[in-house]
Structures are given as structure tokens and as C-alpha cells.
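Questions regarding the structure given below will be posed in turn.
Here the chain labels run A, B, C and D in written order, and each chain numbers its own residues starting at 1.
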Amino acid sequence: MKKLKAFWLSSDMRRKMKFQREADLQWAQQVAERPGCEGLFSCLQCGTCSGTCPLSIYMDFGPRKIISLVREGFREEALSSQTIWLCASCYSCAVHCPRQIHITDVMYSLKREAIQQKLYPKRFPIPVLAQEFYKMVRRYGRSSEFWLVLRMALRTNPFQLLTMSGTGWQLMRTGRLRLGQDKIENVKELQSQMAGREVR
Amino acid sequence: MPETFEPKIVAFFCNWCTYLAADLAGTSRIKYAPNTRVVRVMCSGRVDPQFILDAFAKGADGVLIGGCHPGDCHYQEGNYKMLRRFALLKRFVKQMGIEDERLRLEWISAAEGERVKTVINDMVDKLRALGPRVPVSQKEVA
Amino acid sequence: MAATYGYFPGCSLKGTGAAYEESLLTLFRLLDLSLQELKDWNCCGATSYMSIDENSAFGLSARNLGIAHEAGHRDLVTPCSACYLVLRKTQDYAAKYPQIAKSIEGSPAAAALDAVKIRHPMELLYNDVGMARIKSKMVRKWKGGPVACYYGCQLVRPFAEADRAHDPTRMDELLRAVGVPTVDWALKTKCCGGSLTGTIHEVGVRLNYILLKEAARKGAKAIVTICPLCQYNLDAYQAEIRKETGEAFDMPVLYFTQILGWALGGDAKSLGLGRAISGCGSIKEWFPKRTQEVEVHA
Amino acid sequence: MLKANGDIRIGVYVCHCGTNIAAVVDVKALAAYSATLPNVVVSREYKYLCSDPGQDMIKQDILDLKLNRVVVASCSPHLHEQTFRNALASGDLNPFFLQMVNIREQDSWVTTDKPAATQKAQDLVRAAARRVAFNESLERGRIPINPAVMVVGGGIAGIHAALTLANAGKKVYLVEREPTIGGHMAQFDKTFPTLDCAACILTPKMSSVKNHKNITLWTYSEVTRVDGYVGNYKVKVKRLPRYVQEDLCSGCLECLKSCVFKEAKVPDEFNMGLAKRKPIYIPFPQAVPLVPVIDPETCIQFKSGKCKKTCIEACGDRHAINLQMLETTEEVEVGNIILATGFKAFDAKRTPDYGYGLYPNVYTALEVERLVNASGPTGGEVVLRDGRTPQTVGIVHCVGSRDENTNRWCSRVCCMYSLKLAHLIKEHTGAEVFNFYIDMRTPGKGFEEFYQKLLNERVHFVRGRVAEVTDWAMDPSEENKLVIRVEDTLAGLVRRIPVDMVVLSTGLEPQADAEQVRRMFNITCASGGFFLERHPKLAPVSTFTDGVFLAGCCQGPKDIPDTVAQAGAAAAEALALIDAGFVLTEPNAAYVLEEVCSGCKTCVPMCPFSAVEFLLEEKKARVNPAMCKGCGTCVAACPSGSIHQHLFEDQQIFEEIEGILTNA
């Protein structure tokens, strides 16, 4: 999006008002064509989703507003929001929606796009975990909580490892923490199966 | 404790406008001072000067007459007839030493429930301020 | 009469959820049901993988379904809610969306999509085994207090097949069948936050605090789960919550398979009861290590 | 007149009306107090007096206790006086020995002060108990009903009412102000939510009006005077000259072709000025009657007298065109009148923020109705005044509705017709369509489903009231566009949306002359200016004037289904009176005690209905009971006190005053 040169916009204050040319209506259409997102345009904006969402306590927008932003084509706002990452895929919104919209899938598709477009909030651990998880499973075919958390922590905020150590020890003590990296025998076969399937 | 004086107002409301307005005030649950006692007549034109004088004679603190707006009379011009009488009445009542605020004529249409409230509350406030009526005889000595 | 089911443990049951696997296997043995673990199964992809790449995410479960199919399983038992949902979703979406069906074409899974039925042990015990049979095999009386059944999210949503989406009751019915009192509470399907405890820790911990507090408020002495991640989240952070809030939480967080297994005569070790982090005191008291007396259900 | 010192036996009945009265007035105390009043034989309170057991209780007391007077303290006499009069009759007591006391509408509902409310109720009951002693036994009179009906207004409401009555074999006079019937509906293209074509469903009804043997249709006409009363109205109708004689014209329309104006120059009212017409014209092809009208304002012959009169030539031997035609007046007698005078669309110029009249590409909804209409000025093509097809269109809801600065009411149809127009515009142009709304109101059969359909057609719904429509280009992308500035309250953003076309969904208002009309027909207007129904729920098409009924938008904004339903109801109410053959009158006529009358004639001019006549030889006044409507104005005016009024005798009112003021 080219920056506006107009004098009255040259101030450092963040502009809240939106010009219609900043709205990407084609994009809204594309999103609505993705699997699970077809209900997007039948949304009534009733807010049941945000109401029932256990994470909406901490969300910046909440699912209802995300749908409104997507539908009106405000791509950046939607993709760079924390809301889509805080979604823990509990599907509460989906089963409560009076229009039966698969809101969780909308969130997934926005997460994927945010990753591709590198629009996710920086130093925000959730997308990082997702990426590390993705790499690990592609490499070994299985995930190991220990290495996963370790990698994520290193990439976001190493200090949290200290706070985690307590829990780590507890898990170790109860034999619930495996230090070795799990892997399947037939990684090659898995990888070949995966090959070409990626949409990235 | 000194209790505030509560005036008693005799109100003559015409059947088609003001009485209906008072009913509408009720159905709309509009609250107003409980000091009026309504006498229903078919038309404000039916309100005989004697009724008013009789009401004052029997100790009414105020008399309120409610009719349809000019031109809206259910009987075409009864309210005009009342209006004509009213001018004379006013003078007469004054001579009897009854304050102006105690006799009032208002046009209130069937749709004006809110107006019933404002008129009655206003009149009650004025009469409260005025206090109880002093019999004419005592006035003279004063 | 030993029925054999395919078994897809998923990564957690090999790690933090070890007790779930142990108790599940014990319980099934006690019920003469045998589980056959899939050969060389791979991770289901859970929620994170789905957040990066949808198609290959479906590919992951496709492979697992393929393995199950080739092994000739008609039912695939999947104790982890995340695995359960992902496998189930793969079948559903491949049927609904040609582009997804296309992405797994050719793989042995293609045929398996509807051939293999995804089963959760709770629903399997409820439907295939039935309360009567479980009751009949009961050998121990419950010594603990009332428990709060916590179903979490992904088992009952969006595919309300394992139980009703809004107010599931099957776990309660199973536990009541073996004489375990259960409390009614509004949060039985409110999300535990999943991996949030590992990512945005304070948010994750708070979600679990809400659950623990409400369960206690309703008089529950323990929370019973059906998902390794729920169990981990509720179990692992109580010390931290105690420290932060000063409220005295020490609540056992058990798997429904542990309680059922115990009622049917399994011993503490084979039910992985030693792997609990919180409420160990109560656990020791309710599930004594060595039980001489085996009281037959009256 | 029965004297009070006779054996008066009063029963007082206090109604709880559930908790409506009982929650504020101490009904037990009131009943107990009433029992202490002179002549009161029995006093009871009951949960619902209007219920059958309640009425039976009164009846039984009349029979057992020999009551000859009844006081009922309950709701307004306008609601239940008849109910309790019947209760008296069932006890073989003349119904007019009843006196009602209004302790609900005018007491318990208008104060929260319980002691004061109870005191007020006691005063009123005391007054009633004194008054009722002087009530008399009266008989109701009967007024015959003239079976003919007048329907005023030829829109869908008037058309439907007229046809219903005519089909029932009643004579109907249908009066329409415009040169054709059809009203607003004739201007519409499609109707929501079914999208069936308005013309297709309306025009057949229009022609059956024309052809119906029981209907006399007067278009281009207005009611100028109404006299009389229920069953016996006299109505004067002014018929404007259309300068083409309906009886002679064949509707060939040659005159239009041959008019010296080769092409039309006059803005065409029917097409909201989006097309032109000639001085001699028909409003639209399916007009009923299909008879041209000449507009003297623009006709050369009328202006200069120097026209070749090619129209008259064209008409030839028919001689239908008559430029000497004069205004005429018809006078008819009817028993009932149905008012279906419709509405007026809000004038968009009154909301200058939206730039109507300033920017050519800001349209009103009615204009767009004509644009999308296949028989409209553009043949159904949605094109801007400069001929371009709009790429983006903004539809602004609630223009002149829900706004204290214009009209505070919701106009009820705008949401739905806006959805309809959004659908039609998208269908015709494929444009990107934005709806700007405050609340989406779709409370009707199939309405919500229609809203869903529009959502899925990818029409945009921006929740927020448009602040302004300007041509101010704040950004290069907004050059040569109309910019709508609005807060998208759902996305939480202030937005500027440039569009090619703005449609203002204007609300519905009372007709400009509603005030004069209601005076002429002696009915009331509600606060908004729409005609007031007798009861919002139980008498929604009646008025406070018997024999005058309401149908359609003159009573309040409503859609076509509701309008037609109401028209049918109005027709049914009229039929009920007609088939009963008569109405019973309230026996409140005035009468003269001739021995007391001094013959001063004061009363004679008092009566607007000339019911008071002066008998020359006796030199006395006399009231014609058939013509007296019971206002009592003559009674109050009579200096000798020789005129009395049944039901409202001086004595009764004096007793009431006395009762109110003498604290027992």
C-alpha cells in the first residue's frame, strides 16, 4: 500500500480513518471461497462468537469484528491482529453461530495467510510455535514437547525458560518428559507424500 | 412536621379530546399530580358557568376545563361557545376575589397525553404556591 | 470375545500423557478389548500445523488413515481430542471439498477415508461396551469425593459425535455407573487454552485457573478429563496458581480411564497414577498402592 | 326524573384489574369506604369485574338485593361501559342506571402515591354514588344506515376496500385526487420480499374498479365538505375539469400524438421528474381511467389562446376534448366513509447533509423505483443523469426517520425496500452496493430470509448512520465521486466510501393536507400527524367518529400486505354496520321543558346541527332528537334552565361536584 503524501497525513499520529481504496474487496471474495469460509457473507454480526469465545477476554478484536473487517476488505487489520492467534480452535463459536459459519476455519485461513505474508505480530510466540511445530513434524513425523517449547522460547523470549524449568522438573520427575526427539521410521516416505501438497 | 397544602381541582373534560388524552396518559403510564377529580361531559360546550361557580362555592381550590383544540371540536364549535363564556366567567370570578390561576381553560387533543401531565402539574404547582382559598368575607376584613 | 481395535495414540500419550495410555490399555485389558497400535504412525498435526499449511495438514492424517486401512482396521481408537478432531475433520473435508480430496489422491488413505471410523474411548465404552457390562465388572468402590467431568472442546465440537456439543454427559454417566458422584458445572466444555500455556503463558494459566476455581466452587474434589492436553494444563500449573493467587489449590486431575480402570480392579501403577503432579495426597488416599481387600460391588 | 329521596339501592363494585388497580389503590379500603356511603346497599371488590363471574356477581346482587343503581369503579368508560351496561340489563335493570368511575387510566396508572390514589378513588366513588341516584331509565334510539359507502383515496388501500364492498353488493363512491388511481404502488417496480412485479398485481385490480357496476369512480376529484353522522353522511365532491370528457373519450390517445408539442417538455410527475410529458397526457400507460388530462398551466391554448388545437382535430367526431369544461360538484349520501388517503414521501431536501438537489447523482428511493422500472423513463436501465452506469452505489437508510430533527418514527418499510433496490440495482448494473443502516428491521413473513439472500449476494451492510455525502475529494481516489462519510460501527472504523450514485431511503410522512382532511371528517391525528385509530389494538381501523374508518398509510407507515389487510378490515367494519341496518344511539339528546322555556331563542344559533327549532306559534324552542348529537352546548347556554340533557342533567353534575368536594 503506497504511503499517503498528503500534508494533512504527514503527521506521526496514526490515522484511524479508512479510505475505500485501502479496502481489498477481491481479497474478501477469495477468503470466502476457501474451505470452511463460505459462510462469511451470511454473518449477521450478532456477536455470539465473541460472546462465547473463552479467549475473547484477551482479544484485541474478537471474532465478530474480524469477520466484519474481512468482509469489508481490511486485510492488514485482520491479518496483523492478535485475535486470530489467540484462537485456540475450541470451535465454541462455530457450534453457537446462528448462521452456522465455521469461524474457526476462517481463523485458520487467516493465520496461514498471516504467516505467508509475514504479517503476524512480531515476537508473538504463537505463530513461532506453530512454525517450529510445522518444521519439527515435517522433519521427524512426530513432535516432542520438550524440543518444541525449547525452540519456541529461544526464538521469542529465552528468559521464560527459567519460569518453565519448574514445570519441566515436575514432568521429568513423573516421567512425563521425553528428552529424545521422537521420529518415525519412514520419514522419507512421509516427506515424499507431503511434497507437492504444500500450498506455500 | 408542616405538611404541604394539597389543592383539590375539579376538572371538566370533554369526552372526545381531553378525557381521551387523560386515558392516553394512563395507558402510557405518564405520572402526574393526583390532585384532579375529573367530571366527564360530552363537550366543553356543556360546561355551564353554574358548575364552575358551584365548584368554587363548595370549596374547590381550582377548576380546570379541558376541550378539543379550536376547529377540532367533535361537535364542530362547542369549544368556541365555551371560550366565549370563559372570558366573562374569568372576570366574574375575579370579582368574587378568586385568583386568576384558580380557573383555567385548556385545549388538549386525544393524542396529547403528555400535555395532560404538564397542564395539571403546572396548575397544581401554582395552586400550592397560592395556598388554600380564603373565604371572600375574610378577604374583605383583611 | 476379544474385539480388536486399531489404536492411534498420538504424540502426547507417549510423553506428557503417558498415564492416559497406561490407564487406557489397562482398562481395555480388563474389559477384554485389545488395542493394536498403528505401525509407524505420524503426528496428527494438531492445531499448529493447520495454522501453517492446510493441505499438507490433511496429508498427515491421510497417511495415518491409510496405515489403519491397510492394517484392516474398521475402528480407529483415538484418545487424544486433538488427534480425534483432525482425523475426523480430514474425512469430513475431503468429502466436502474436492480440492482437499484431490490433495490426498493416490495415497492409500484415499480409500480409507470413510472405511475407517474414528472412535474416542469414551464414546466407545458408552456405545460398544455399555454401562451394564462395566458395572458388572466393577470390583472396587469409589473412596474419593465428587468429581467434575471436564470434556474440553475438540472432542465434542464441531462433530458432536462422541457426545452432545453443548452439554455432554457420557463421561458423567460412565463414572456414575461405577459409583463416582459427579457435579454439574457450566464449564465442562470451556476451552483450557490448549497450547497457550506454552506460548502466552499468563493467558493459558488464567484460563485453567478459571476452570479449577469453578470446579472447586461446585464442590468437586477432582477434575476428570478425556484429553492429554487438558489434563496437562490443569495438572501442571496449580503450584504456580497457588503462588500467584495464594488460593490453596491442590486438586487431582485424572483421566476417566484411570478411575474406571481402578473400579474394575487395575492397580495404581498400571493406571499411571504416580504421574500426577497435583493432588498427590488425595490420590494416594483414594488409590492406595497395594490394595489387599478387593471388595466386590454390592 | 327519579328523585334521590326515592328508595335508592346502590351497589358499588371495585375492580382490581389484576394488579393494574390493586397495586396502587387500596381496593379493600375503597370497598369498605363505599359501603359507608348513603344509599349503598352492597359494596364489593373483585379481581376482574369484566369477566363473566364478575358480571354475574353484579347481576345476582341486582336480583337478590333489589339494587336499582350500580356504580362500577374500574377502567375508562370508553373501554367497558357497554360491558357493564349489559350486566345491568341481564339483571333486568335499565342499563343507564350505571355510573362508571375511572380509577385505572385516570388514577392507578398515573400516580405512584398509594394513599393519594386511594383518596382520589374514594372522592370519585362518592361523587358517582351521589350522581347515580339521579340517573334515569332511558331507551336508545336507532339510526338507519345508508348502505352506500365512500372511499377516499384510490391507492391500493382504497382500491381493495372499494372492491371488497362492491363485491358484497354495496354501492361505492371512490374518490381520487390524481387523474388516475393506483397511488404509490403504481410507481413501484417490484414488491418485497417476493419480488413480484407491482404492476402485474395492481393493474388487474385497477381495471376491475373501472368495470365494477357497483363502483362510481371519480378521479381528479376531492372531497370538499362532509355533513351528517354515522349512517347518514352527506359528502360534497369537487371534480376538477380534465378537459377531456370521460364518457366520450375512447382512450385512443391520438390527441397526445398530435399535440403541437412535438416532444414532451414538461417534467412528468409520475416519473418523479425523470421524464417529460406533454400538456395533454396520461400519467402512465395502464392509467385508470385511460382518459388524457390537459394541464392548463402548460397548454398553449390556455396560456395564449393561440394554439392550432391539433388535439381537437385528432379527436375528430368524438368531440371528447372540451376546453370549456368547468369544475363540477357532486353531492352524495353515504352511510360509511373509509379514508385511504395514503402518505407523502419525506422531502430529502430537508436533510441537506445528504446533498439531495445539490448533487445530481443523489436520488430518492422513489426516483430509483422509476429507474429500475421496465416501463420507466430509462426502460429499466439504471443510468445516472449523465448517462453513465454506476459502478458503486450507496443506499442510505432512515432518511427522515428515527430523527428528532425530522420525524422521530421508524417508517417501517425503508429497510425492506432498500434491500429490494439493492438487489435490483446489483442485478441491473452489477455495481458494488453499500447499505448504510442504523438497525436492520425485517419483521415480516419472508423478510429475514430476504435479508440473508442479500447478504449472500455480497451486498455490503455498513452499520452506521451516514454523516455526510459530499463531492469533497480528500484523496486522489475520490476525484469525481460522491463521498459517503460514516462510522462503520461494526468494524470500528470511520470510513470514506466514494460512490457514483447515492440512494436516499426516504421515510413516510402524513399527507401535507392531513390536518384539513381530518378536520373535514371530524377525526383526530396522533402526535406524528397520522390519523388516530380508536384503539391501537382493539379498534385499529375505527376512529372516534362512528362510520369513519381508516385504511393504509394515512393511519401510519405500513407495507402493502398490511395495507391490504387493513383495507379489508375497514370494509368489513363498514359491512357490519350496513348489514345490521342501524346503529343504536347514546340517549344523551337535549330536550326542552316547554313550560319553563321563555322563548328567548338563545339556544337556536348554539346548535351547529340545527337540531333546535323555534316553534313560532308556541314561541318555544324544541330539540329534534333525531338531529341532536348530545353535546349539551344549548343546555349550558339556556338562561332559563329550560333545556336539559339526558345522561348529563345539571342535577347529576351538581351532585358529582358536591360528591367530589364534600369530604365525608
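Observations
The rule is simple: a residue touches a chain if its C-beta (ideal position, glycine included) is under 8 Å from a C-beta of that chain, and two chains touch if they have at least 3 such contacts.
Here the structure is a predicted model, which means the values were calculated and not measured.
Of the two chain pairs examined here, A-C and A-D, the one linked by more C-beta pairs in contact is A-C. Located most centrally within the structure is D, per distance between chain CA means and the overall CA mean. Placing every chain at the mean of its C-alpha atoms, the farthest one from subunit D is found to be C.
Taking each chain's centre as the mean of its C-alpha atoms, subunit B lies 80 Å from subunit C. Subunit A and subunit B have Cα centroids lying 73 Å from one another. We define each chain's centre as the mean of its Cα atoms; on that basis subunit A and subunit C are separated by 25 Å.
The mean-CA centres of subunit A and subunit D are about 59 angstrom from one another, to the nearest whole unit. Chain contact topology: the protein chains form an open path, each linked only to its neighbours in the line.
Chain pairs that touch one another are A-C, A-D, B-D. Residues 76-78, 102, 104-107, 109-113, 116-117, 119-120, 123-124, 127, 519, 522, 524-527, 532, 544-545, 588, 606, 608-609, 629-633, 635-637, 645, 648, 650, 653-654, 656-658, 660-662 of subunit D touch subunit B in their complex. Per the touch definition, subunit D reaches subunit A in the complex via residues 432, 452, 455-456, 458, 460, 462-463, 474-475, 477-478, 488, 490-498.
Those residues of subunit B that touch subunit D in the shared complex are 6, 8, 10, 16-17, 19-20, 22-23, 25-27, 29-34, 37-43, 45-51, 54-55, 58-60, 71-72, 74-78, 81, 85, 109-112, 117. Across the complex, subunit C is touched by residues 35-36, 54-55, 58, 86, 88-92, 94-95, 102, 104, 108-109, 111-112, 115, 125-131, 133-134, 137, 141-146, 148-149, 152, 160, 163, 166-167, 170-171, 174-178, 182, 184-186, 190, 193-194, 197-200 of subunit A. Subunit A contributes residues 4, 6, 16-21, 25, 29, 41-45, 61, 64-65, 68-69, 71-72, 74 to its touches with subunit D in the complex.
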